[in-house]
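Multiple structures follow.
Next, two complexes with subunit A in common: one pairs it with subunit B, the other with subunit C.
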Partner chain A sequence: MNFQAVRASFRQQATQFVSDPQWIIPSIISPFLFTVVILMIYQDVTGPVVLQAVLGGGVLGMWANTLFASSFTISYDRVNGTLESLLSSPTHLIDIIVGRSIWNAFIGLVNALLVFVIAELVFRTGVAMVNPLLFFGTLILTLLSLASIGLIFSAAFVFSRRSYVLTSIAEYPIYVLCGAMIPITALPRWSQYISYALAPSWGIDAMKLASVEGYTSMTGMNVWIDMVIMIAISILYFMIARSLLATVERNIRETGSAIRY
Partner chain B sequence: MTAKITFGQTVISSMINSVRNKFSMIPVWLWLLQIVLTSFFSMLFFALMVDSIDSSVTVEYVVIGNAVQSVAMTTLYSVSEIPGTEKHVGTLPTLMSTPSSLFSIFFGMAIFNVLSGFLAVGVSLCYATLIFGVSFASANYPSIVVVIILTVLSLAGMGMAIGGIGLRLRTSAIIANVFSYLGLVLCGVNFPLSYLPEWLRTVSYCLPLTYAVDATRGAVDGSTISALWEPISMMAVLGLLYAVLSVILFSFFEKSAKRSGSYDMF
Partner chain C sequence: MNDDDYAIRVENLTRTFRSTRGTEKTAVDDISFDVKRGEIFGVLGPNGAGKTTTIKMLSTLLLPTSGKAFVLGMDVSLRKNERNLRMRINVVSGGERGLYYRLTGKQNLQYFADLYGITKREQTSLIDELLDLVGLSEAADVRVENYSRGMKQRIHIARALINRPEVLYLDEPTIGLDPEISRGIRALVRRLADNGTTIILTTHYMFEAEELCDRMVILSKGRIVGYGTAPELKNSVSDAEMIRVVTGKDPYQIVSSVEHMDGVIGVRTEMVAGRYETSIHTEKGKDVLNNVEEKFRDTDIRSIGYDEPTLEDTYLHLTGGE
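Moving on, here comes the complex of A and B:
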């Protein structure tokens, strides 16, 4: 891993974001509005399920941001004609994309915190957390697990400009499958296996265990086991993304097909 | 001697061009898959969520709401991002240097998205009854047809107006994005308008999607066209107003950009 390149692409992504503040709309405001819809539906519901809704809403905001940012980061390079320059530089694409993803994950975190604050101040959810410190740890790790899925999506975007279709199709299935709003146990048995293969499902379970009083884990395990499984799956995603990006990059260099997409 | 290009000719040629562009980017099957799956999963998400809690909002309510909302994604969002896309890929100056007006060019391009809107809402309503069990036993089909036509056209009008603003901005897709989400919050798609503060409801009443969702629910429950006169007429009036606004915006920004030579300055 080239950490110098990761740091540089992180700074470049941050500069781009700050110099063009309209990105606040799709990165923060739109996912936030989506969470508002969820909180409105939960308006006449009481009890611990409200905290679950707030947490779920925060995670969905993070996911929407990660997916949107990971898809647009490469698409914009393609449209702006900078993808060829990136590919011809000695730095590997994975380093560039990881740096950008860390910035996007940071924005996702801002998004989630905004949801928690607004839920408390505007919607008066009045919820207390069992272990706030542990919750914050699980939140950060869940965010990184979402970013690791984003890396795999990025590889698809380098491969084809048609991948934006994948983004629009994948948004809601992951909302359903990761258990943010709908308990995984309420889904059909076959789809539960897909949920278990998603790192954020374990992260969300861990977040709920760390914060919701009396919450029963989806598998009956404790918060630490959930976190270990989430980290293991996230590392696997990272390895897959790295391998995919290396293959796509090598293929493009061999065939000179960066703009033949 | 140069032949005068009519509005109709420009509309037809830009419509054909936009269809060619679309399917040179993605194959037809992938485009169909996107329309078929995106609306299904959004309906499924809200239906499962409402079903898993003890809320006063019913599954039928969110299923119909999201079926109508699917039009907003295919029509409002796609139509409004047209000028931004042309600007971004660098073809806007070329389009502006042609003798045709920008409005006629973008109007032609929007027709394909309008047709996609009909497909999206048709597919979504089929899901509503076949998968989510919404009863159409007492539905008034003529009302449904009229409401769907007006929904698609009024949202396309609104999309053109947003696109007109986007002509001035760096990109119109971002405003379109926020309007799509605002539709979920303000238009009674997933919860009744009564949940909103009164001042916010004023904004809801300026959006055609609010009336579209209301009228569709009424039509599915069996209301006739005359019984749905109020939401139907409001949709028609708002659609028309947005369309007129889009003509004004396109004309204003086109003239202003040509005068200052700033159409590619963003």
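Moving on, here comes the complex of A and C:
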């Protein structure tokens, strides 16, 4: 990894983000609306169930933000005409995208935390977490696992101008399959196998174990095993994304496709 | 002259694109040329002639279909050379795109400096030096979205100089700029070449090529139709003569009939300082001056006579008036 390029891309993404006033929509208004909708749905329910619901909203906010930001970051370069300058530099695309994705993941974290804060301060849900510190750790790792899926999608965006269709199609199925809102055990048997192959499913399970009183794990495992499995799958995703982006870079040189807009 | 004296050697380079429907189009067709170190070398041609495709192949953005190209002694087709080569070359594309608009000029340069692995210590003095070179020191902390077109083009050039390239590709760097700013960019290009940078310049403007380029190739439909210095290229069309007619009225109604006259190869009219200047390319030895004068009788002729062909005349002759 080229850490100088990763750091620079993180900083570049952060500067672009804060200089655009529209950031308030995905990062403040959107989580607020998620929380309102969730709490309206669960208005007659109390205790751990509400916490699970708020968690679901938080994960959706994180996922939407991370997926779209990671994917569109390169799409922006294509429209803006900077993709050609990036491709002609000695830095590999994976280093640029990782730096930007870390920033997007950070914003996803802010997004998720806002959901919890709004639920607590505005709606007075009053739910207590089993282990807040452990929960925070699982939250960050889950976010990184979501970002690792975003990396794979970003490869598609470098390659094709129409990849937003793929992102739009993938957003809700992955959210559902990860068990963010509905428990994985409530899904059809065949789809549960897909859920187990998704790193965030293990992260969300770990988050629930660390926060929701009386929660039963989807596989009966404990929080630490969940986290190890999630990290292992995320590393696999990273390797796949790295290999995909290298293939995409080679393909761009062969076809010249990514530098046409 | 040995291999070290050349910055670029191109041998039978060809690039074919295949469409999704399976049809093939040859954008660059079997071209060969070389560029000496420290030279300003022009790649000229009409739209679709293959200029940008050539630049993309020479800057490692596109693989050739066949043939070879060596830049600074390295084969551009080999993957192992990609990173090394990119550290030593850079590209400037014309137009307003290609910058991060919400970042300042300085932040744009810092970002690309990091992508080229330049240390923070080096960056401070290098960026100040480059901003000074392109005359943007005072606008360093202004967002690029607030820059004028000329300022954007200058920051483009500064960005491309961030790795102190030995070879710099300038793809239509003055396109759409006003004459004053274009002159400034040309002066900057000359200064870079004087400092030893090899420059490959693509342009539509023949006066720009004539002013800057030591040698050039003229491309048409992917093939080289002219190669050499400006005087050599002009001499290469010595089988043709040029009649220049300056008129007070627009001769558009008679141009078509002049084009069809015996001995006339091509006709081009442009407005120069409020008058109409028509250049008529004729075959050598065919005395058509009197017939031309007769045709232009009602257009308020201010001057008429034979003239030396300019580079633009040569270019139009070689590209078939494209």
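In this section, the second predicted complex is superposed on the first by the 254 of 261 C-alpha atoms of A that agree within 3 Å, B and C clash if a C-alpha of one lies under 4 Å from a C-alpha of the other, contacts with A are read in each partner's own complex, and residues count from 1 in each chain.
Operating definition for what follows: a residue touches a chain if its C-beta (ideal position, glycine included) is under 8 Å from a C-beta of that chain, and two chains touch if they have at least 3 such contacts.
Worth saying up front: this structure is predicted, and the values here are computed from it rather than measured.
**Student:** For A:Y42, decide between first (touching subunit B), second (touching subunit C), both and neither.
**Tutor:** first
**Student:** Let me test your reading of the model: by the given contact rule, A:S88 touches which partner, first (subunit B), second (subunit C), both or neither?
**Tutor:** second
**Student:** What is the contact status of A:G256 with respect to subunit B (first) and subunit C (second): first, second, both, or neither?
**Tutor:** The second partner, subunit C, only.
**Student:** Using the superposition on chain A described above, determine whether A:I169 touches subunit B (first), subunit C (second), both, or neither.
**Tutor:** first
**Student:** Given the touch rule stated above, what does A:T15 touch, subunit B (first), subunit C (second), both, or neither?
**Tutor:** Once the two structures are laid over each other on A, A:T15 reaches subunit C alone.
**Student:** Between subunit B (first) and subunit C (second), which does A:I96 come into contact with in this model arrangement: first, second, both, or neither?
**Tutor:** second
**Student:** Which subunit A residues come up in both lists, the one for subunit B and the one for subunit C?
**Tutor:** 20
**Student:** Given the complex with subunit A, which residues does subunit B contribute to the contact?
**Tutor:** It comes out as residues 25-26, 30-31, 33-34, 37-38, 41-42, 44-46, 48-50, 52-57, 62, 88-89, 169-171, 174-175, 177-178, 180-182, 184-185, 189-191, 195-196.
**Student:** Over in the complex, which subunit A residues touch subunit C? Could you list them?
**Tutor:** 2, 4-5, 7-9, 11-12, 15-16, 19-20, 80-82, 84-91, 96, 250, 252-256, 259
**Student:** Tell me, which parts of subunit C touch subunit A in their complex?
**Tutor:** Listed in rising order, the residues of subunit C that touch subunit A are 17, 53, 56, 59-63, 79, 82-83, 86-87, 90-91, 93, 95, 97-103, 107, 110-112, 114-117, 143, 159.
**Student:** Which residues of subunit A touch subunit B in the complex?
**Tutor:** Within the complex, subunit A contacts subunit B at residues 20, 22-23, 25-26, 29-30, 33-34, 36-38, 40-45, 49, 79, 161-162, 165, 168-169, 171-173, 175-176, 181-183, 186-187.
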